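Have a look at this one before I ask anything.
A, B, C and D label the chains in the order they appear, each numbered from 1.
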Amino acid sequence: MPVKKIINDPKRVVDESAAGFGLAHADLVRVEMDPIYVVRADAPVAGKVGIVSGGGSGHEPLHAGYVGFGMLDAAVPGAVFTSPTPDPILAATKAVDGGAGVLHIVKNYTGDVLNFETAADLASADGITVRAVVTNDDVAVKDSLYTAGRRGVAGTVLVEKIAGAAAERGDSLDEVAEIAERVNANARSMGLALTPCIVPHAGEPSFVLAEDEIEIGIGIHGEPGRERIKLEPADRLVDRLIEPILEDLPYSEGDRTLLFVNGMGGTPLVELYLAYRRAAEVLEERGVVIARSLVGNYITSLEMQGMSLTLLKLDEEMIELWDAPVHTAALRWGR
Amino acid sequence: MPVKKIINDPKRVVDESAAGFGLAHADLVRVEMDPIYVVRADAPVAGKVGIVSGGGSGHEPLHAGYVGFGMLDAAVPGAVFTSPTPDPILAATKAVDGGAGVLHIVKNYTGDVLNFETAADLASADGITVRAVVTNDDVAVKDSLYTAGRRGVAGTVLVEKIAGAAAERGDSLDEVAEIAERVNANARSMGLALTPCIVPHAGEPSFVLAEDEIEIGIGIHGEPGRERIKLEPADRLVDRLIEPILEDLPYSEGDRTLLFVNGMGGTPLVELYLAYRRAAEVLEERGVVIARSLVGNYITSLEMQGMSLTLLKLDEEMIELWDAPVHTAALRWGR
Amino acid sequence: MGLDITWAVDWVRLSADVIAEHRIELITLDREIGDGDHGENMDRGFQAVLPKLDDLPAGSTPGDVLKLVATTLISTVGGAAGPLYGTAYLKGAVAAGSAASLDGPAIAAVLAAARDGIVLRGKAESGDKTMIDAWTPAVDAAEAAASNGSDAAAVLAAASDAAWAGAEATEPLVARKGRASYLGERSAGHRDPGAQSTALLLQAASDAASASAGA
Amino acid sequence: MGLDITWAVDWVRLSADVIAEHRIELITLDREIGDGDHGENMDRGFQAVLPKLDDLPAGSTPGDVLKLVATTLISTVGGAAGPLYGTAYLKGAVAAGSAASLDGPAIAAVLAAARDGIVLRGKAESGDKTMIDAWTPAVDAAEAAASNGSDAAAVLAAASDAAWAGAEATEPLVARKGRASYLGERSAGHRDPGAQSTALLLQAASDAASASAGA
């Protein structure tokens, strides 16, 4: 039985989709096919820090959807849920180097970290200054000696936007890396799934849930979460996500936050806004000020139904950089 | 067994989601709850034609996601897949009347047409000039004496954008209605579903498909399509959608089109861009110029997996209005 | 024996009960050839009418009750059924006028006016597989019974029986109006949900009349 | 009797076969406690090596083959397994040097270097439920066999057996590295996919050696 998706050959999904992306957004990006990466149409921008991110495919619009003015200079898509190899990362890094160095934004997974590391070593050998920021905002995973460390999840989108704005305004590599680290350090996320997703080449769901079961603490790769519970009303589910976030990074009254309700790909917007309502209520009760917000499917797990909540504790500079113009396929304002 | 969604009470889904939408986009819109509608924060805009659309919920971001500068002045959400009643349509019409009259953009379904008609009659009785444009771009339904006529589907988004830009630049009610009619007359759509959707109050899928079956010619209300076939490769599926579209409104070499690949809510972007690739290829073979494009989940059927293709034959004025700034929750550029 | 305000109020209460009871059935019928909301829509409407019955001023007529139902359905049901049934009750109310009691011919006139209202708004013809396919046989049967001298309760009983037969007879039809028409030939083999709700409502009218008569 | 270029090429071919054959099994293991791509990743990598074998210049050594595998895996596998196995083959190639033939102690040294490379990159310890839990017992067994004077084929046979036992022994473990560590306690009760692929690859090495010896 073929897997029920709008695809041709499972092995060609990433290539064909990237080709379509390039055609649809030819004004914004150029798509290189061998090795595969997506790069700003005007790259390299002389004197600007280049920003490269990437990782397994299946999280769209992350990362290609964020290539453009004010955000990423290049995105490197691996196979579905598989970190790209060093070759395309290196090629992308070279393509965006405008002489001011290149920042790698890497989600904290063993594969991503190792492959980006290798690419960075090779780029350095070619005389390009590379720094890496590793995102790890997922509070579902204990960051201890006994794990591979926290996963990088939805906070990555916020890091990419804010670091991208810093690079666009002319910050140095160290400055861009510093603000990226700062955003990551102030971002916390947690997700849940109502349904699994199906990796095209696997053809089977990533896990199996009974009709009344959900997974709490999932990542973005269709991997199971930490806990399986019975379905509960939306407000209770929101509480289950937001409580560990607020415990991990407490807020004082008057603190400002960016509230990000993210869909995992298959969740209707109507549900995301319904969840937003409750999250806003919880924050208001605690006197936290929602200074900015984002609601939608911005970092996904294929067709998975579910959501994640992210809070980013904002300072003045982050707000300014968040508001700065951005023009990418998936995030656009100010121009 | 409760239905597996991020909701509290099925009867409160639309209200709670609208409340969340209002909180998340307080800079753009105001949400009135009794009767329920979503209106531009700065409405009424004096001297500007007001534009109101609406219909059953479950198609998000349509319509509330398109309220804001350069598009709709108000959106009226009914219950899920159920046209709103005249009361909120009337209230929204009054709220956006800036003295230049109000355009109703109505998708061609018996319920929507009747309820908007009643509201328009009541508004006229209150001295507001109302015109209605009924969209009917779905080529899956034969427009004959033997049907309720073609359905209004994804072309509606394009009508709302372009008519909204015309109103924003100061066109009169007749002019705005004329361009809306023109867009509708030049738009053709066709959709397919891989999976059904589940209406919250119904709790059961809208139809049942075998693991290798898909529905061709679906609308946006989870209703079954005209034909059930075995799953095929994406390129063949795209051909099945685009051929009847091009048959219905033929293009000559050099004609310009807007290619709109729309997801039904649960389809990953990776599949939509993959479909875009093939659609672009078919158009190129025929010498049709893709002057503009749109790819994403813009008019949906809850969590349904599937897509629709829309072609809009463009003229100079439509392109200019398409490019004009728009600032809504779901569509934004130029500001 | 004519049917008065008690009957009219009973009819509404019975209607609300029977629609609530058959909510899932109507949803299922609509899911098969439509969008699966008919039962939910009708239930929302009739539940909204119930509390308003208590506010009817003393001396209200059957026509007042029909008007109350009309305005409530129009403002709460939505979809196609809201305006169609709303118009039906509105036109029925006009036909009922300010009479305190409706005899057989008056009831037949109310039903005919209701049906004509639906046709006016929805433009459906017999055989289009809509609620009209329950209404028109019901009106025909009611008019025949009334002209044979049947009393109001008997007129409603005849209408109810004919509506049921009409609803059943929609099963083989290919829809030409409403959402089911999008299905083309595939709409055959399913009963029209609006025809079914019409039969339920007319049976409620008849049951309310028998209860009045028995009381 | 030492193992030469024929063995090395056979090993790669057998590896590609056995990975292709067990692709779904590795995907399934990875789906249970990871993200379901391990079989696909490894298969993509080894299929990419195959055509390159034909381009090996005359006079190539086992070390050249290992280096070819290393660079190909690094540039085609991705994920965690790509860099980890890539480093393993790379360090193994360095240990093999330019020798035309590898005897028992040399094979043991290649395996030890490979294992050390994985530890260097991945920082896993024994018992973390990773491929290391197959590699380390294999290296220990290989070294023991070599110091007992076993020939290269026997060293690989010992390594293969120990790798299988090690892979099996990952089942009760709670993962502390890699994706499975996100599951915490729930990772127990499943075999680590990387340990399984290690056992498959070392068995292929041993099978290739027996074939060489038999030929």
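Throughout what follows, a residue touches a chain if its C-beta (ideal position, glycine included) is under 8 Å from a C-beta of that chain, and two chains touch if they have at least 3 such contacts.
Here's who's who by UniProt: A, B = phosphoenolpyruvate--glycerone phosphotransferase; C, D = Dihydroxyacetone kinase DhaL subunit.
Every value quoted in this text rests on a predicted model; they were computed, and no experiment measured them.
S.K.: What are the mutual neighbours of chain B and chain C in this structure?
M.R.: Chains that touch both chain B and chain C, as defined above, do not exist here.
S.K.: Which integer distance in Å separates the CA centroid of chain A from that of chain B?
M.R.: Result: the chain centres lie 28 Å from each other.
S.K.: Please tell me the distance, in whole Å, between the geometric centres of chain B and chain D computed from their C-alpha atoms.
M.R.: Once rounded, the distance between the two centres reads 55 Å.
S.K.: Between chain C and chain D, tell me the centre distance in angstrom, where each centre is the average of that chain's C-alpha atoms.
M.R.: Roughly 75 Å separates the two chain centres.
S.K.: Of all the residues in chain D, which ones touch at least 2 other chains?
M.R.: Chain D, residues with two or more chain partners: not present.
S.K.: Touching at least two other chains at once: which residues of chain A meet that condition?
M.R.: Residues 80 of chain A each touch two or more of the other chains.
S.K.: In graph terms, with chains as vertices and touches as edges, which category applies: line, ring, star, complete, or other?
M.R.: Graph shape, chains as nodes and touching pairs as edges: a line.
S.K.: Any two chains that touch count here, so list every such pair.
M.R.: The complete list of chain pairs in contact reads A-B, A-D, B-C.
S.K.: Hey, which residues of chain D end up touching chain A in the complex?
M.R.: Residues 27-28, 31, 33-37, 40-41, 44, 74-84, 121-122, 176-179, 181-184, 186 of chain D touch chain A in their complex.
S.K.: Can you check the complex and tell me which residues of chain A touch chain B?
M.R.: That would be residues 1-2, 4-9, 13-14, 16-21, 23-24, 57-58, 60-61, 65, 80, 194-195, 211-212, 214, 231, 233-235, 237, 259, 261, 265-278, 280, 290, 293, 295, 297, 300, 302-303, 305, 307, 327, 332-335 of chain A.
S.K.: For the complex, give me every residue of chain A touching chain D.
M.R.: 56, 78-87, 109-111, 114-115, 117-118, 140-142, 145-148, 151, 199, 201-202, 204, 206-207, 219, 221-224, 226
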